[in-house]
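Please go over the structures that come below.
Okay, so chain A shows up in both of these, paired with chain B first and chain C after.
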Partner chain A sequence: MIRDFGWFEVLSIIQGMGTTLALAAVAFIGGGVFGTAVALARSSAWKWLRIIAAAYIDFFQGTPMLMQLFLVYYGLPVFGIHVSAWTAVAIGLTFHASAFLGEIWRGGIQAVPKGQNEAASALGLGYVSRMRDVVLPQAIKLSFAPTVGFSVQLIKGTSLAAIIGFVELSRSAQIVASTTYKPLLAYGLAGACYFAICFPLSRVSAYYERRLALKT
Partner chain B sequence: MATTAEMQHTTASMDAAADPIIQIDNLQKYYAAFHALKNVNLTVRRGERIVICGPSGSGKSTLIRCVNRIEQFESGSIVVDGISLGEGMQNVNAVRAEVGMVFQQFNLFPHLTVLQNCMLAPLRVRGASKKEAQAIAMKYLERVRIPDQASKYPAQLSGGQQQRVAIARALCMTPKIMLFDEPTSALDPEMVKEVLDTMVSLAQEGMTMLCVTHEMGFARSVADRVIFMDAGEIIEEAEPEFFFSQPKNERTRNFLGQILNH
Partner chain C sequence: MTYTFDFGTLLPYWPQLLYACLLTLWLASTAVVCGFIIGIITVLARRSGVKVLRAIALSYIEIIRNTPFLVQVFFIFFGLPTVGISFTPWTAAFIALSLNCGAFSAEIIRGGVDAIPRGQFEAGAALGLTPLQVFRYIILKPALRVIYPALSGQFILALLTTSIVSSISAEELTSTAQLIDSDLFRSFEIYIVVTLLYLVLATIFSTIFKGIDRVFFSYPIK
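Moving on, here comes the complex of A and B:
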């Protein structure tokens, strides 16, 4: 049965876009929190902590996200941990994003001049305050552009969640294409939706980068 | 606070080693195979002003950076105001809270305003309230005569102003000792004086000061003792009048000849 490309089809693609946004939000929040931890571990004074963090980063940067999602979704039940698709995808995306963000922010942390840490230490500030008040704000600024670049990749990468059953933007377009036999229209609309999410992000980042540069 | 520099000078010399605020014994420091500090011994009395000079690479900066443990050292002991360094981070932070440091490159926090730069340590280390920290910060910004720049960012100030902010930021912790690591070396010549003036007035208030500097005029007028270092060792130490007029060691004479005759 071939359906027409009507409002229902448009709405299901837009609904898919909502799922994509939700997946991206999960990846950002999880990746942001754990990525900070990975970056701090990676630039820690303790050698073994740096090694563990480096191994973590190497593993998740060196394997495809598709495989990581599979590993979590099918791997956890092997250990008797049964997770919903949402939990699995949240864990998978968090692992993936935290490895990449951790490495990007590690670069930012190490690009902050040594004198900043020394001045903060000389004032008697402890590790937490040195990082939170002095180093991280500058590191975030320094790694702003690659962070946004990776985030855009991540939003597009959430399409992989389709393989464990998510009907997100790409999957919804695929379904619409196969029921209407209008693949160009379906995928064109999906592409426009991705662009509508990613393009403003790039613009906003360019704007904030200019503003941050002016401030100091 | 009304005491003149001269009165300070006499009392400081009379106290001779009676009240050491810094006691450095047999300090050894290596950078990999490079022996940066060779068995350095130094006693600093409360209120004493010491100028450390020497050629670059002589270990003078390394020495004062060991005093607040910004630099680690291999062996020897440093006792600052009764607190021994090298016995865990608790002690290190206790010492750092009492010892202010001013760097060659200012090292102000570029993402914070001048006021926030000064408020940070009182807030985080002393546990002051925002209002208290602000009052402390303004007090010391007035002390270095730049309260009107409080809301600016460091990059908007001249080098001399930035260094005065750095001094104010250190003073906000009401330190007992101030360390200066070539505070005027990165400054344009016309800005050196405003920073030195600030340091002189600090000295007049009786602050214990360790200054690594090549400003020999400052050494002559302010220092109680001038120390000459070369190749990781203290070669000579003397009161400025003797240090400059009758240096004993050959290396000191060469060094002074090079920096004074141009």
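Moving on, here comes the complex of A and C:
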């Protein structure tokens, strides 16, 4: 039966938008926590920790996000861990985000003048205090624009969950497209929803990038 | 763990996988070249005196950059046929990827153009060069040096993005993997191998690009 493209269809796409936002938020927060660890490891004093973190980042930057999701989705059951599509996608995106955020924040940490770290060290501050009170606050400021920029990439990336069959914005558009036979409208509306989320974020990122460029 | 890994069953599929790698590389490189040309045209449009052209270029860039590639592919492959424009999966993939690369290239090229002092354009104009000549000799060449790293990164990104066109069953590495998967039901092994293939391709090309950068663009700037 071919359905009309009515309010029900519009609502189901908008509901998908909510799921997309929730998924992106989970991945961003999870990625943020692990990303901090990756960034600290990448800029640590131990060589091996740096190498491992660099390999971790290279892996995620050198393979397609879709493959990363596939590996988690098909890989977890192999190790006897059975999870829902939601969890699998969230885990996959979290790994992905942690590598990218880790690399962005490493750049921020290393952009903080080395002398500050040494001065803090000379004042007798320990590693935790040095990072928490001196380096990280400045690093966060420096890497704010690229971090917001990455969040746009992450939100767009959540669309790949649709390929696994997880119902978010893209997948609900796909369902609507196949039940109403109006793919142009369904995908157009989905695109507009993504645009409504991503465009403001892109502007914010560009604004802070410009402001930082003017300062330096 | 009761699952036993078996990579051996994949061996007969090697020729197929290597051929798929070539298809992926072919798709990525043609789309990046095409995207670069689209990018130049877009930058020219953004700098033109005609307001409508500027508005079109700007909306093109913002729409492409703020929507997922998957939706763009679906829009072109499933959406456009309803208004009478239909493509084969491969053509749709090529068009979608080219348009995608075009928007990102335009931003990269614009960054390079902005890096060139304004006085040079004016000097070019004063010497009697046409706007196109100014663009070609005074803007594009020095800008190319500035944007080279970002542009080569664009190729790697396109290479990884091609995996998404498997969703409209355009023939490339990921769709080949899905095909093999439906033969063997050894999803995990296949996707590990294919992921590593992507990693190898990306690593090879980023090494080559770094080499080119060192040889051709390494002399002191300014």
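We adopt the following convention: the second predicted complex is superposed on the first by the 202 of 216 C-alpha atoms of A that agree within 3 Å, B and C clash if a C-alpha of one lies under 4 Å from a C-alpha of the other, contacts with A are read in each partner's own complex, and residues count from 1 in each chain.
In this section, contacts are C-beta pairs under 8 Å (C-beta built on N, C-alpha and C of every residue); 3 or more make two chains touch, one makes a residue touch a chain.
Nothing here was measured: the structure is a model prediction, and the numbers come from that model.
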item	value
Simultaneous placement of chain C and chain B on chain A, clash or fit	fit
First, second, both or neither for A:A173, with chain B first and chain C second	second
Touched partner set for A:F199, first chain B, second chain C, both or neither	second
First (chain B), second (chain C), both or neither touched by A:A162	second
Which superposed partner A:F59 touches (first chain B, second chain C, both, neither)	second
Vertex chain A, arms to chain B and chain C (CA centres, degrees, nearest 10)	110
Touching partner for A:I14 - first (chain B), second (chain C), both, neither	neither
Which partner, chain B or chain C, touches more chain A residues	C
Chain B versus chain C as contact partner of A:A122, first or second or both or neither	first
Closest Cα approach, chain C to chain B, once both complexes are overlaid on chain A (Å)	26
Shared chain A contacts, counted only where both chain B and chain C touch the same residue	none
In the complex with chain B, residue positions of chain A that touch it	113, 115-116, 118-126, 129, 133-134, 137-138, 141, 215-216
Chain A contact footprint on chain C (complex, rising order)	1-3, 62-63, 65-72, 74-75, 78-83, 156, 160-164, 166-167, 174, 187-188, 191-192, 194-195, 198-199, 202-203, 206
Residue ranges of chain A in contact with chain C within the complex	58-59, 61-68, 70-71, 74-75, 78-80, 152, 156-160, 162-163, 170, 173-174, 177, 181-184, 186-188, 190-191, 194-195, 198-199, 202
Chain B residues within the chain A interface of the complex	68, 70, 93, 96-97, 99-101, 103, 105, 107-111, 120-121, 124-125, 153-155, 166, 169-170, 173
